[in-house]
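Sharing a structure below in structure tokens format, with a few things to ask.
Going by the order they are written in, the chains are A, B, C and D; count residues from 1 in each one.
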Amino acid sequence: MQYFLNGLPIGAIYAVVALSYSLIYTSSGVLNWSQGDMVMLGAYIGFTLTQVFHWSFTPALLASMVVVGLVGVIVQRLILKPLRERKAPPINVVIATLGVAIITRNIALAIWGPDAQVFPSPVGDKPLQLSMISVTHQDILVVCVGILVMAILQYFLKYTKEGKALRAVAQDRRAAVLMGVDTQKSDAVAFAASAALGASAGILVAPIFFVTFNMGAGIGLKGFVAAVIGGLGSIPGSIAGGFFLGTLESLAGGQISSGYRDAITFALLILVLWLKPSGLFITKSRQKV
Amino acid sequence: MDIYRLAGRKFNIILLAIVLLLPLFISNLYYLHIINLAGIYTLITLGLNLLSGYTGQVSMGQAAYFAIGTYVSALLMIHFQISFWLAVPAAILAAGVFGALIGIPAMKLSGPYLVLATVGFGEITRLVILNWTAVTKGAAGLTAIPLPTFLSIKITSEQDFYYLIIAIVFVGTYIAYRLAHSKIGRTFSAIREDELAAEAMGVPVNMYKIAAFVISAMYAGMAGSLFGVFAGVASPDNFTFDDSVAFLCMSVVGGNRSIAGAIIGTFLLTVLSEALRTFQAYRLVIYGGILIFTVIYMPQGIYGMAPIFNKWIERQPFAKLLFWQKPSRE
Amino acid sequence: MLKKYAKLIGIIIMLVMMVVSVAGCGGNTAAKTIKIGVVGPESGGAAQLGQGQRKAIQLAVDEINAKKGAGEYKLEVFFEDDEGNPTKSASATNKLIQQSKVNIIIGAIHSSATLADMVVTGRAGIPQITAGSTGSSITEQGNKWLFRTAVNDEFQANALIKYAKEVKGIAKIATFTAADDYGQSGAKLLAAAAKKQGVELVANPTYNNGDKDFKPQLLTIKEQGAQAIFMWGLYTDAALIAKQSRQLGVNVQLFGASGMAALKLIELGGDAVQGLILTQTFLPDSKDAKVKEFVTKYKAKYQENPIPHAAQAYDTVYIIAAAVKKANSTKPEDLRTALTKTAGLKLVTGEPKFSNRGDDIGKYLLITTIKGPNFELIKTVNTAN
Amino acid sequence: MESTEEILQIKHISKRFGGLQALDNISLTVKTNTVHGIIGPNGAGKTTLFNVITGMIQPDDGKLLFLQRELPFLQPHKLVPAGIARTFQNIRLFESMTVLDNVLIGQHVHTPTPVISILLQGKKASHWERVAYDEAMQSLEFVGLTPKSGEIVKNLSYGQRRLVEFARALAAKPRLILLDEPAAGMNPTEKAHLLKIVLQLREKGYTIVLIEHDMKLVMQICQTITVLDHGNNIAEGQPEYIRKHPEVISAYLGKGE
């Protein structure tokens, strides 16, 4: 039970990051490897606003999401757009986003230095002891805000014009173009939204993990794993994948072997991919002949 | 024109002479060290080009086979006093077996799913090496990997290694070239372009995909055994995800649908990451920028620019005599 | 066609072999300067160590040059970043030796990198001093070119366990270590020390670099009923472990080693690290005059507190300066001999003296605890005995 | 050489997708050296049947006999060695390869080059490469694309790419060619050219099975026509017979035209 509960907050973070992968992947077909570094950037901006400029938590969260969202748009304009115009193969896009990750990480290193920074939890991290089980306020906050962010995303996709355009593009890019959807704009929206999602994950995770310039690599990879387990491109799948991975890691680390924890996770992942290539939680339509 | 054919041949001879005499002109052994390192990496990139460029199976876990090659050969040499020349085939074989192993789930996968499976395999391999301390010595790594001997000459200096590595890279390049410019390479390309159509034309796609994984793994395994004796030590830190990514970048930047691209990309990026040391803190930023620039403006890699370059040369009579080569059918 | 080539290749190979065998290596003729090469991670996961090392070394070099501390020799220093990657570290060392023509190498910090560098310095015959790598495999190889000014982990492990048993009366312990070279060697040494002292080791989980969630392992430790947790890793990890163990209600005594000794640990760990007992080689607010002087200068120059690793690196430069002065030469063999005879220095982290394996056995080992915003000294042990 | 008139026999094939009976106990026989059309309105089960034959779908029941030998299901790459080649409804070529290389892939199973010979530039490798080249050039000549052999496929026009696909199928030296809506997206001139090619192929002794929407084309070139509707085989016979078959008229012709 305790293992399961421990998996929830980290699972929520994975879910948010997984969502940011899925969002970009479905709407623009890009595997964006810089997603983890958007998480890092979000955490640093949140840290700077709350610790240096003494903002309170909520405005810092929102401001950080906006700033990182803008970074997402810049990435889309400067990198994805020319790649698309040249019809570059997908592997080039992956490498370009890797380049973005390297640049972001090292700029962060130059600005904020190599030391880890403390980002105090807005609600404190005293544990709540419920008989055998203990949970911190921050854990509860992470799960709640995580779910809130996911709900807002769902609302955005379902009920706003931009969201609807995104979904149309995700369904069928060519058809969406014919229907008059501006795919450049929808790409920009997708990059902005998923970078902002990443930033929110960064701020949520910062009080638990501290803020370091290389925190993005690990979270990014795990978020990607969660997205794939759930089925890249499926929003409920990504959420389920995030929580699933969080609990799985908690159990594997506690019950089997801590050193091999990630190895177990990945082995399971490869097994999942082998048996069900489109992810655990969605049923993908067969390839059309 | 025959004179151009002759010029082409002369060019090859000059190139060969430069390659063989290079250590004489380089008194700074640091440069030779980097060249040797790039030579070892070239083997990995050659395999990766056959796998990713030709067959279209992107691998972000190539460091795993590299690691398997290093550890298998080094452990054989350390514990069983087996000669380098026997340890190498064993390492290649072992890497090949693991190549087939990951090739099996990879048969069904593509795009990000395949990327993730290969990333996962790379991480599993690294974690096993890290945690299986009884055999691999864990994070401390293997030390005192014996030096190879060739006809009772002990290979010790950077120059010795240069000739050893160049000889193996030469054979590796030749094999890769033969594979790429034959029925096999053509079939690989067909699989990359359209698996279903290739299958419908009688190509046993799964077998070829596994073969591509095995070949690329064997190349990385070969590189690994060379790396072990070259570095003298090996630890899990040598075989991280970042290394896999670096190999992939070499392959794409050079041009992953050609054999020459593998060599160009590897040397360029290996030298670049060293040359940028001068820029200290910003060097990785510059490195990232160069990566982005290349993949955007040279989508087929640097070697993909060759036809353009060739056209330019064709218009310069002198340069034409020296460098222009008749385009081959492929 | 091939035959024509064969003849040509044959001639070329013969020529090459002749010239190669004749060509010797050129000597270094730069007079009265000693060139020091420094390798360390200035980017990547351990960047704080590499950058701290760089700052401290630069400080030491400037001081020594200003007061002519190395006799007639002027110190010149070259820094290379290895990103904590052994392959890059070996290339960097090669560059320092071949291109910058350094006479001696300080580095690296990651043990895997140091091991890779040792192959290079060993083949080139250049002395190498690591101020940061504590892995036991480094000095076990019998490499005569290698010296280590980082404190020996075996000694730390023994001192900690002994203290836990004798002073704190602890009988059941758990180790919780990083699955990297530092942590793995720490785990091994702790287990050996526990066995020697008759303390029961009930759990020994590990974590991988980059892990942030330590709760599963902590729960296991809790279930096994350990009275103390011995951590062996970096301060970020230690702070997180401490926090998470408190959150889980695992209120046992925490112990740590010098790798996590940094004021940042207290800042990051907050209340959770209060009372944590750890060994270290350097306390920034120590009463010792040498330490005070170093901290004042460092703070004046960089507006921050030095990390212990910086103190070790700082001392290393002084050791080199003394050796150069004594040897009155920059020849590698002379420098090496002078280093083996290092004695009589009183530096920030001890009175250095090298064992025949190259370990500095003249270090002070401080057993400290965290109280409020500072480390508090409990006891000083000299490693020489 | 062949002792039988029946080149392909489809026996009692059934396939159900969820609640939909896509194919209901379909049997039909294709005679050697004929052009056999399979038609039917949308949703009749044509594509499903085609997918079963080409190894894309595993049927629930039934079997396939090709030259009296049972064909395996779900193993598309075994069709060519057996003697069957196919084209795709929405052309599937190796887009960034040359026309020649595309057609050379058709020769894949007929050039068993040993790897060792490839590596050592042996005689066998060059022999088989030459054989493949000659065959491929012959196929290209047949469809009239010889001058385009060096072009990259994606630079060709739609009609030309159709022809490349034909040439590739021919290079596989099949006995039977399966065409999946070959006239889809073609203009009248291109259709006429296609018609000519199909007729020529039949003259050369090939057997052709095609699925097609274009009734006029089917009536013109097929000797035998099978009409499917709702997964059932409702009629089979010569064009004249089909044209007048009442069920066919009501199911298919009656609706659309």
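Convention: contacts are C-beta pairs under 8 Å (C-beta built on N, C-alpha and C of every residue); 3 or more make two chains touch, one makes a residue touch a chain.
Note that this is a predicted model, so its numbers are computed, not measured.
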Original post:
Any idea whether A-C or B-C has more C-beta pairs in contact?
Top reply: B-C
Subject >> Most centrally placed chain - per-chain CA mean versus overall CA mean >> reply: B
Original post:
Looking at C-alpha means, what's the farthest chain from chain D?
Top reply: C
**OP:** Just give me the whole-number Å value for how far the CA centre of chain B lies from that of chain C.
**Re:** 34
**OP:** Calculate how many whole Å lie between the centre of chain A and the centre of chain D, each centre taken as the average of the chain's C-alpha atoms.
**Re:** 47
Subject >> Intercentroid distance (Cα basis), chain D paired with chain C, Å >> reply: 71
Original post:
In chain D, what residues contact two or more other chains?
Top reply: 88
**OP:** Identify all positions of chain B at which a residue touches two or more other chains, and write them in rising order.
**Re:** 127, 130-131, 196, 281, 284
Original post:
Which chain A residues reach two or more other chains?
Top reply: 106, 109, 217, 259, 262, 289
Original post:
Tell me, which parts of chain A touch chain B in their complex?
Top reply: 25, 31, 79, 82-83, 86-96, 98-103, 105-107, 109-110, 217, 221, 224-225, 228, 232, 257, 259-260, 262-263, 266-267, 269-271, 273-274, 277-278, 287, 289
Original post:
For chain B, which residues are in contact with chain D within the complex?
Top reply: 175, 178-179, 182-184, 186-187, 189-190, 193-194, 196-205
Original post:
What part of chain B is in contact with chain C in the complex they form?
Top reply: 13, 16-17, 20-21, 23-24, 27-31, 33-34, 37, 127, 130-131, 133, 137-141, 143-144, 156-157, 159, 231-233, 235-238, 240, 242-243, 273-274, 277, 280-281, 284
Original post:
Within the complex, which stretch of chain C touches chain B?
Top reply: 5, 8-9, 12-13, 15-16, 19-20, 23, 26, 42-43, 80-81, 84-88, 90-92, 94-95, 97-99, 110-113, 115-116, 118-119, 123, 135-137, 141, 179-185, 206, 208
Original post:
What part of chain A is in contact with chain C in the complex they form?
Top reply: 2-3, 6, 10, 106, 109, 113-116, 118, 125, 127, 129, 134, 136, 205, 208-210, 212-215, 217-218, 249-255, 258-259, 261-262
